[in-house]
Amino acid sequence: MNRKLRYGMIGGGRGAFIGAVHRIAASLDNQAELVAGAFSSDAERSKASGADLFLDPARVYGSYAEMAKLESRKPAGERLDFVVIVTPNHQHFPPAQLFLESGFNVVCDKPVTFNLKEAVTLRKIIAKTKKVFVLTHNYTGNAMVKQARHLVSTGALGDIRKVVVEYPQGWLSTALEKTDQKQAAWRTDPKRSGAAGSMGDIGTHAENLAHYVTGLKIDSLCADLTAFVKGRALDDDGNILLRFKGGAKGILHASQICVGEENNLSLRVYGTKAGLEWKQEHPNQLVVKYADKPTEVWGRAQGYNAPAANSATRTPPGHPEGYLEAFANIYREAFRAISAEVSGLRQPKDLDFPTIEDGIEGMAFIETVVKSSKLGAKWVKFPNP
Amino acid sequence: MNRKLRYGMIGGGRGAFIGAVHRIAASLDNQAELVAGAFSSDAERSKASGADLFLDPARVYGSYAEMAKLESRKPAGERLDFVVIVTPNHQHFPPAQLFLESGFNVVCDKPVTFNLKEAVTLRKIIAKTKKVFVLTHNYTGNAMVKQARHLVSTGALGDIRKVVVEYPQGWLSTALEKTDQKQAAWRTDPKRSGAAGSMGDIGTHAENLAHYVTGLKIDSLCADLTAFVKGRALDDDGNILLRFKGGAKGILHASQICVGEENNLSLRVYGTKAGLEWKQEHPNQLVVKYADKPTEVWGRAQGYNAPAANSATRTPPGHPEGYLEAFANIYREAFRAISAEVSGLRQPKDLDFPTIEDGIEGMAFIETVVKSSKLGAKWVKFPNP
Amino acid sequence: MNRKLRYGMIGGGRGAFIGAVHRIAASLDNQAELVAGAFSSDAERSKASGADLFLDPARVYGSYAEMAKLESRKPAGERLDFVVIVTPNHQHFPPAQLFLESGFNVVCDKPVTFNLKEAVTLRKIIAKTKKVFVLTHNYTGNAMVKQARHLVSTGALGDIRKVVVEYPQGWLSTALEKTDQKQAAWRTDPKRSGAAGSMGDIGTHAENLAHYVTGLKIDSLCADLTAFVKGRALDDDGNILLRFKGGAKGILHASQICVGEENNLSLRVYGTKAGLEWKQEHPNQLVVKYADKPTEVWGRAQGYNAPAANSATRTPPGHPEGYLEAFANIYREAFRAISAEVSGLRQPKDLDFPTIEDGIEGMAFIETVVKSSKLGAKWVKFPNP
Amino acid sequence: MNRKLRYGMIGGGRGAFIGAVHRIAASLDNQAELVAGAFSSDAERSKASGADLFLDPARVYGSYAEMAKLESRKPAGERLDFVVIVTPNHQHFPPAQLFLESGFNVVCDKPVTFNLKEAVTLRKIIAKTKKVFVLTHNYTGNAMVKQARHLVSTGALGDIRKVVVEYPQGWLSTALEKTDQKQAAWRTDPKRSGAAGSMGDIGTHAENLAHYVTGLKIDSLCADLTAFVKGRALDDDGNILLRFKGGAKGILHASQICVGEENNLSLRVYGTKAGLEWKQEHPNQLVVKYADKPTEVWGRAQGYNAPAANSATRTPPGHPEGYLEAFANIYREAFRAISAEVSGLRQPKDLDFPTIEDGIEGMAFIETVVKSSKLGAKWVKFPNP
């Protein structure tokens, strides 16, 4: 493209967290600019947010429906190339459907929809509209996660036997939702968050990370979910046994009541030949362990990494990248697809971003763990929707 | 005591691993000396081992039965104060019974017996003989484990909600038992190891560590055990969900096929007020995490630790202690009990070493996880034998 | 400001490293946009770089002189609010002078000039023009560096006794400048880099970091510089003893021949009451050590940090920020000053970015260490230029 | 030997620190037993200490002179094979001379003597008496230090360019010697400690460690020593620039006023091909860094280590060894020499323990750094005594 991509945002106004993250991530590589938005269902709030962002007031809307209607009429030289959806979970599907069907490419925060059924429907809509749909499972944007995936896929670990993925946080260890904390409020509300609390918010990240790196598919699982904080309607902790197709076993645990933990997502994978470990809070390193030679610490941006890992970096070794850069890597890949779509070109074959398939798997994960837990933590087959 | 304690050893001859560990641990504080032994069922090998240790050949025996018989006749000034049993699991109960009933105090390696039934019987024998019985769950000897226990028991963590204990090793990731590796051979042999492989060898350590620190009792568990290495008769990996009495939840996983892992036992405990983390491979530190203040790294031998932790050290801060010192701490406590017994004094009230109760819990753990796994990883009530 | 700031760039075209870093840093918070540039002294190359960045070709220049001339004529609504200078060291002063005197605010990469004399002259120019001048000693932009400074300035460490600052890199451990590596070429060339190699490139960062955190001023130093790689004209390694005014002692060592080191800048400060440690490669943590209580690990974005630290973050705890975010924090503060200047308002009193004073100190550092080393590593008084 | 070695101890009575360390280290491998001692110059205290250790009261003496006289008369079957000297520094030389000249092998704590002159004299006495003399620079007993030495000596690092060795402690950051702390009292007293405080106590360890691993000899040095605590007669901190014969450069800093540091000895060595790092507080790992492949973490007792490293271990990988085990490794090597001497055999060629040469180098180090510092931190040639 010989110009920046233009995008609009749904949600992400004042007081939101993830909207600002998306805006930074989308603009980090100077390939896209925000030009429109429906930042809040409260029109005043939306306007104020648009002003904060120096947007043309005429393109700041009081609802995503209005935005879809008016933006659809824009001429080619002003038209949005994509929209970004960063509303709470229950408000993912409706705007996604509307904008796809209005001819826009869509980037959507995770989990993809409110429930599995919506996700399956969304797959059909995407297929029909032939628009690009990107799901921001951002942690897979990390360069060393890509290197981990490369090591597994090229056989450096041998056959995978065991996967341990964990995601402990501590921020919901008290009834924060009873204060005016907006982030806590919607995440613990079944009407906005969906069937799961911590499992939807962070368990799906853990599941997606494990899948991305290993390529393994869950065959069945046994989930013991808990709401530790009194009066909380959704799980704030979950411990899950996994059995993967092909025989590997695994553990996934995620929690938002692990006092003192910040955002401690980590993944360990053990194969017949080697093991690996990656920790999100120190994302520039990847540890690889062997039976008969020293443990290795691989560094981001080093020449020995695979191209897929090194194309997902901006700074030299030892100049740490973090959460925002990983998030921006999802956008960087998304832009390759969106640019092609906008230009009427064929989609590149090596695109590397989470899609509706990841979204469906995530929703299946949520529904399966909730089902298992409600049955008393019994083994449940993982569906193939 | 105004003399060193005298002890004999059963097992632990040439080629053994844990026997030498016990001898170092028992002698580290200059409170005990080895004077007799039945180091092997092969009389020649036993003699050779005794010679390596500079023992009087007359007190080196070809069988523990012979040893019990002849040592029982020794006069007071030569008599053994205790024996140490370091044979494979199936040979724990018979000598324990014989020596206890012959009037000797006993220190025994873990797991305490071949099966739960033997352990329960052993409890009766101990009660009847009134001898001291010490089980060497050595990891609880670590100073910072004692500090962790202190923090939990004094309420620093609040009510415990979640426990994550893991013990990955990698040394059995291939069929090592088919080479002439003696340690691998008996540990993977159901006739010598018992109902479990990795769960008995290291899973019980993990269970014991979690119990020692938290005081929590398992209410029920769901265990998925696997023998990943072809032809192996016992589990070499296990993933377990735990429910504790009182409502806490937990995860225990142990493995001997995690390629590249050395002896990576670790424990994390999260309560309503704080969390803690201890790693066996770096045992001189204890990490404590809070919601609203910086994470703390507590150091061994620092003045701020509890007496129970600081009495289990020999060197100043920063002069690292390790596996052997922790093991010796079990002996140090054992000697307080044995000295009292030998001297006809009342047992001290604050003894801090693993007992037959820990052994019974360990055997119940083994039998319960094996039962759960055989049922297809179903939830099974933890027995109260 | 109710609009984004407009800026132009001098240097930073294709093949450059730090130019792209500045562009990301300047735009991260959506407060500024690049609208002009003289990216290379090769006009073609400059044009191509401008096109990569989607700039209006009319505002892409073949020289900074041309840029200054033509941009000076732009009307208020298009006029540049500031320029960014990211050329090699010998090309800092000339454009800085020209743009300041042409009425532009200036952001300049470090070290500020080619030599101390230029830096002193530049101070006069800044004073005369009353424009904002910002020096991008980016590492002081890290949130936890600001927290470290806060702890020192509020007395949490007591009186400072010892400072250890080190900056080992390994990338110049071979004669990389003899290949076509552009970054290596100019950094090892006395005509473009100045009197020092590693001391100018990274030693000044170390000096600035130590000064920023402790507030201490160097009284005298003893520097042993070495060019280990054969044929290299400038130092690639230096070990320096420091004596600070007031009695504290210190060590500064920086190197570009420490094979295997990436960008391992770290700082340790010890006072009468506590010590602290910060490592650039893991910048989200700050370690604080005490005599009589556990070591603490402070985390970025936690509520217990000082406002100065927490205003320099964008993401919640555990969502790591890195090099680019720290760099952007320098810009964020710069924008407060530039906005005020552009708006004709008084400068805020609490501005927190490196200024010409830091630049002069850095140049004095370079000249003093070179002088000391040439004298055979003798003690030399630190000048007060 | 078909028996344990017999030894006596000079110093190390109640209240001492290092005496108990030596006793554990000497007995850890069951190769030696303590049978005599002059534990204190106070005869009562000596007796009490002997009783604590269950010694025959007849062999517990009120002075080392008495001990030498009476122990010299013992028959072969009771005769001491060696003595261990663990008194304060000023009391090393007199007993060493006496016992060597009385025909005993000697193990002596560091620094070897009160001053360099004594050390040189001691070398002559050792040569004349042909007895074994062992200096317990214990940190070189660590298995991974031996592996580091192996890597350097086999060229894995290429030519060494830079050495950074540091030893920060914090325990003397206040005037502890003015309380009744015995350890602090003699170490800060020029009459008992010698010309240096921290440099003698821990600086010599740092110097010895660097020399042991790299084999490099200091050509000249520039030392800036400080006594930060008011009224302290000896240095409690020192920063030193090093130039090695052959062109390598180095930094050595040691301190006892680094608040919050425990015993943080570490060594980094950079060569043309690789770098290495070892930290005493986590001694079971050795980090090796390369220009073009991942950083490696080597583990103690792993099969890939050199025999010299793996013969200095007792436990499998992941079962951490620490300070006492490293100390015991010095004794283990010493016993090979002492056994040969006692048996009238030729000394083994591959002995690996610190000798009088290390002691002389240490004393030369102390005198040179003190001299340099007194000259105002000027460069001083390292003597070759």
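Think of it as A, B, C and D in the order they're written, each chain with its own count starting at 1.
What we mean here is this: contacts are C-beta pairs under 8 Å (C-beta built on N, C-alpha and C of every residue); 3 or more make two chains touch, one makes a residue touch a chain.
Being a predicted model, the structure only gives us computed values, none of them experimental.
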**Item:** Common touching chains of chain D and chain C
**Value:** A, B
**Complete:** Check: interface with higher C-beta contact count, A-C vs B-C, is A-C
**Prompt:** Where the centre means the average of the CA atoms, what chain is farthest from chain D?
**Reply:** A
**Item:** Between chain B and chain C, centroid-to-centroid distance (C-alpha), Å
**Value:** 56
**Prompt:** What whole-number Å value describes the gap between the mean CA coordinates of chain A and chain B?
**Reply:** 44
**Chain centre separation (chain A, chain C; CA means) in Å** = 35
**Sequence positions of chain A contacting 2 or more other chains** = 261, 288, 295, 299
**Fill in**
chain D contacts chain C in the complex at 161-162, 164, 166, 168, 170, 173-174, 222, 224, 226, 228, 237, 239, 241, 243, 249-251, 253, 255, 257-261, 268, 270-275, 288-291, 295, 376-379
**Message:** Looking at the complex, which residues from chain B come into contact with chain D?
**Reply:** 2-4, 17, 20-21, 23-24, 27-30, 51, 53-54, 169, 171, 261-264, 280-284, 299, 314-325
**Item:** chain C-touching residues of chain B, taken from the complex the two chains share
**Value:** 288, 292-299, 302-304
